[in-house]
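Across the two complexes that follow, chain A remains constant while its partner is chain B and subsequently chain C.
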Partner chain A sequence: MPKWFMPFAGLTAVMFAASPFVIASVRYESTMGLVQKIFYYHMPSASMFLLSAVVCGLASARYLFKGSPRQDRLAYAAAELTVLFGAITLVTGPLWARKAWGVWWTWDVRLTASLMGWMVAWAYLLVRKYGGPGSDKLAAGLALFGMANVPFVYISVNYWRTIHPKTSVVPTLPADMGMALWFSFVCFLMLFTLLLRLRVRLEEQRAKLDALYLSLDE
Partner chain B sequence: MRVAVLLALLFTTPLIAPAFAAGSTGFGVAGQQQQPEPPKPTDEFVPISQLPAQDQLPAAPLLVTAYAFVWLALFGYLVSVSRRLSKVQREVERLESDIAKGTRT
Partner chain C sequence: MPARRSLGEGVRVAWLILRKDLTVEVRSLEIAYTTLFFAVSCVLFFAFALVKEGKAPEDGAAGILWIAIAFAGTLALGRTFERERQSETLRALLMAPADRPAIYVGKLLGIIALLVAAEIVLVPLVAFLFQAPLLSHPFWLGAVLLSGTIGFAAVGTLFSAMLVRARSRDVLLPVLLYPITVPVIIAGVRATAELLQPDVELALVRFWVALLLALDVVFVTLALWTFEPLMTD
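Showing the complex of A and B:
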């Protein structure tokens, strides 16, 4: 692993451990009260969900058009993180919605598009695992659709009638709430970077293992 | 996994502790009240914050579940990747040593 990895991991762990205390120190939102504090983990995890789908899509595009195995490994790692952060988003969102909206789920454009993006990432992983020879390129094609879904998810709240908060909410937050949100966002971004590097390392080692087995067979 | 559960509980406690102190979570509210009167019928909108306590959904369990899920999911994934990585690395080292010896087991 690179030299920066362990100090960076330590810093991320400390910041993550501090994040609930930072969030607890912020005032309650006036209409939703305590449950609104889910927002400080929900929004950053949703951002990482979309970011990992974009990383997966871009790396897949480069793999499809340039054939770089390094990009394929990056796409595979990012697809797994899309599933992870998507699961967090799709679980924390309904827990908040149950209190704020009175329902666990509604077939709102943003929720539905997010669910579709998450299912595309699952499809990518399933194709890679069970698709047999050539599945890497098929999965890369799927990742392009997953990436195309990302702007749709982002702008959906501004273009369609929805009960989900709009993207304009974040810039209008009071200073203390905004500070807690961006602290949490940085924590998630650092964690995303660490997990992506670790997962890419796993793919590198698997590639090395395959090469070793091939060299033994020759 | 026990460590993960303990961590999740540990780090969600500061979030709900102030609410417990203020008595705004809804935990234990029903038990403290004595036979509330049935609500009067209404034909107009009533803000959720003005509903009787027994009709309000407590926020703390939802918040704790959300934070615990995030911590468990992230910790579980980290453990999963670390275990897979160490397994592959052990196999790589074994094969490299086999190749160096000129044998295959």
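Showing the complex of A and C:
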């Protein structure tokens, strides 16, 4: 583990522990009240969901065209994080929607595209696990399609008439709400970095172990 | 890696592969018959389940047409490459002095031709069983079906070619294909459903067709770009 890892992990834990207090200290949103506070976790986790899909796609592209196994391990780790943060997004979203829109789920463009991106990440993991030899390249191809979906999720709310709030809401937030949002955004970004590093390390050690077994056989 | 050849050479390779696939198919008609039979039984199941007292659910026909196309397409994709695998001809194809993207385009055109043939049978069948006025705007229906089929087949051809070497390829093809082609199916179903309305809003249909064409461009570009590294051992 690199030297920065433990202090960074500690800092992340402290910030996450503090985040409920930061969020509670912010004013209520005028129409939705308490339930709007889920936003402070929903939007950061959704951002990490899209970010990890992009990391996975970029690493996969580099793996496909350059063939570096490091990039492959990074892509694998990012795909798992896409599933994880996607799950958080897809749980917090409906919880908020139930109160704000009156329904758990609606086939809105952004919701549909997000679900699709999440399914692509699942498909990636399934292929890696059950595809047998050569599945790493197959999965990398899939990740590129998953990455192509990301800008679509991002812009969908601005181009379609949807029920989901637009991306332009964020800069118009009052100062205290914006502060709480960016605080949890940084929390999630740190968590993302930690998990990614940890997961890549696990894959590195797995690769080392495989190499050792191979040399033992020879 | 072979040096880049000219565009005309690529077109010729694609055409040769298309002609080869069609010749093989016309001789046995195996994929055409099995796929079509499967698609027709699919539509019949839905007709038994959903049509009550001669009335089909609203928009049902559009969804069922596309489900039948997607299922039949999955089957056809699997079989096309299974054939290449059994006789080890895919390896020969990849060793031939031709650009990989041209091989991909040839394969893609073959799949599209098969699916269009299936659609020619499926559309009247669905129209008949669900009493849907599918043929009232033949031009637009053709545009929707063709652009949707291209998008679906573009992703399908890439992944089924890659899956030739994988272990559980039959299971993995739908796992890979369906999440990615969801937007194609959504746009296709919405556009077809709009065409079934008593007074069709053509602007809406045009919008969905434009979306389908945009998806086609994205999918075909991505596939052409990745086919070469993906098919290299």
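Note that in this section the second predicted complex is superposed on the first by the 218 of 218 C-alpha atoms of A that agree within 3 Å, B and C clash if a C-alpha of one lies under 4 Å from a C-alpha of the other, contacts with A are read in each partner's own complex, and residues count from 1 in each chain.
Rule of thumb we're sticking to: a residue touches a chain if its C-beta (ideal position, glycine included) is under 8 Å from a C-beta of that chain, and two chains touch if they have at least 3 such contacts.
Since we're looking at a predicted model, the values are computed, not measured.
Comparing chain C and chain B on the residues of chain A they touch gives the larger count to B. When the two structures are aligned on the shared chain, A:T92 is found in touch with chain B, with no touch to chain C.
Once chain A of one complex is fitted onto chain A of the other, the partner contacts of A:I155 are absent, as it touches neither chain B nor chain C.
Of the two partner chains, chain C is the only one that A:L138 touches; chain B does not reach it. Looking at the shared chain after the overlay, A:V170 reaches neither chain B nor chain C. In the superposition on chain A, A:V54 makes contact with neither chain B nor chain C. Once the two complexes are overlaid on the shared chain, A:V35 sits against chain B while remaining clear of chain C.
Counting contacts by the rule stated earlier, no residue of chain A appears in both its interface with chain B and its interface with chain C. Residues 155, 158-159, 162-163, 165-168, 171-172, 175-176, 178-180, 182-183, 186, 218-219, 222, 226, 229-230 of chain C touch chain A in their complex.
The residues of chain B lying in touch with chain A in their complex are 11-19, 24-25, 49, 57, 59-60, 62-63, 65-67, 69-70, 73-74, 77-78, 81-82, 84-85, 88-89, 91-92, 95-96, 98-99, 104. On chain A, the positions that touch chain B within their shared complex are 17, 19-21, 23-24, 31, 33-35, 37-38, 41-42, 45, 84, 87-88, 91-92, 95-96, 98-99, 191, 195, 198-199, 201-202, 205-206, 208-209, 212-213, 215-216. Per the touch definition, chain A reaches chain C in the complex via residues 64-65, 112-113, 116, 119-120, 122-123, 126-127, 130-135, 137-138, 140-142, 144-146, 148.
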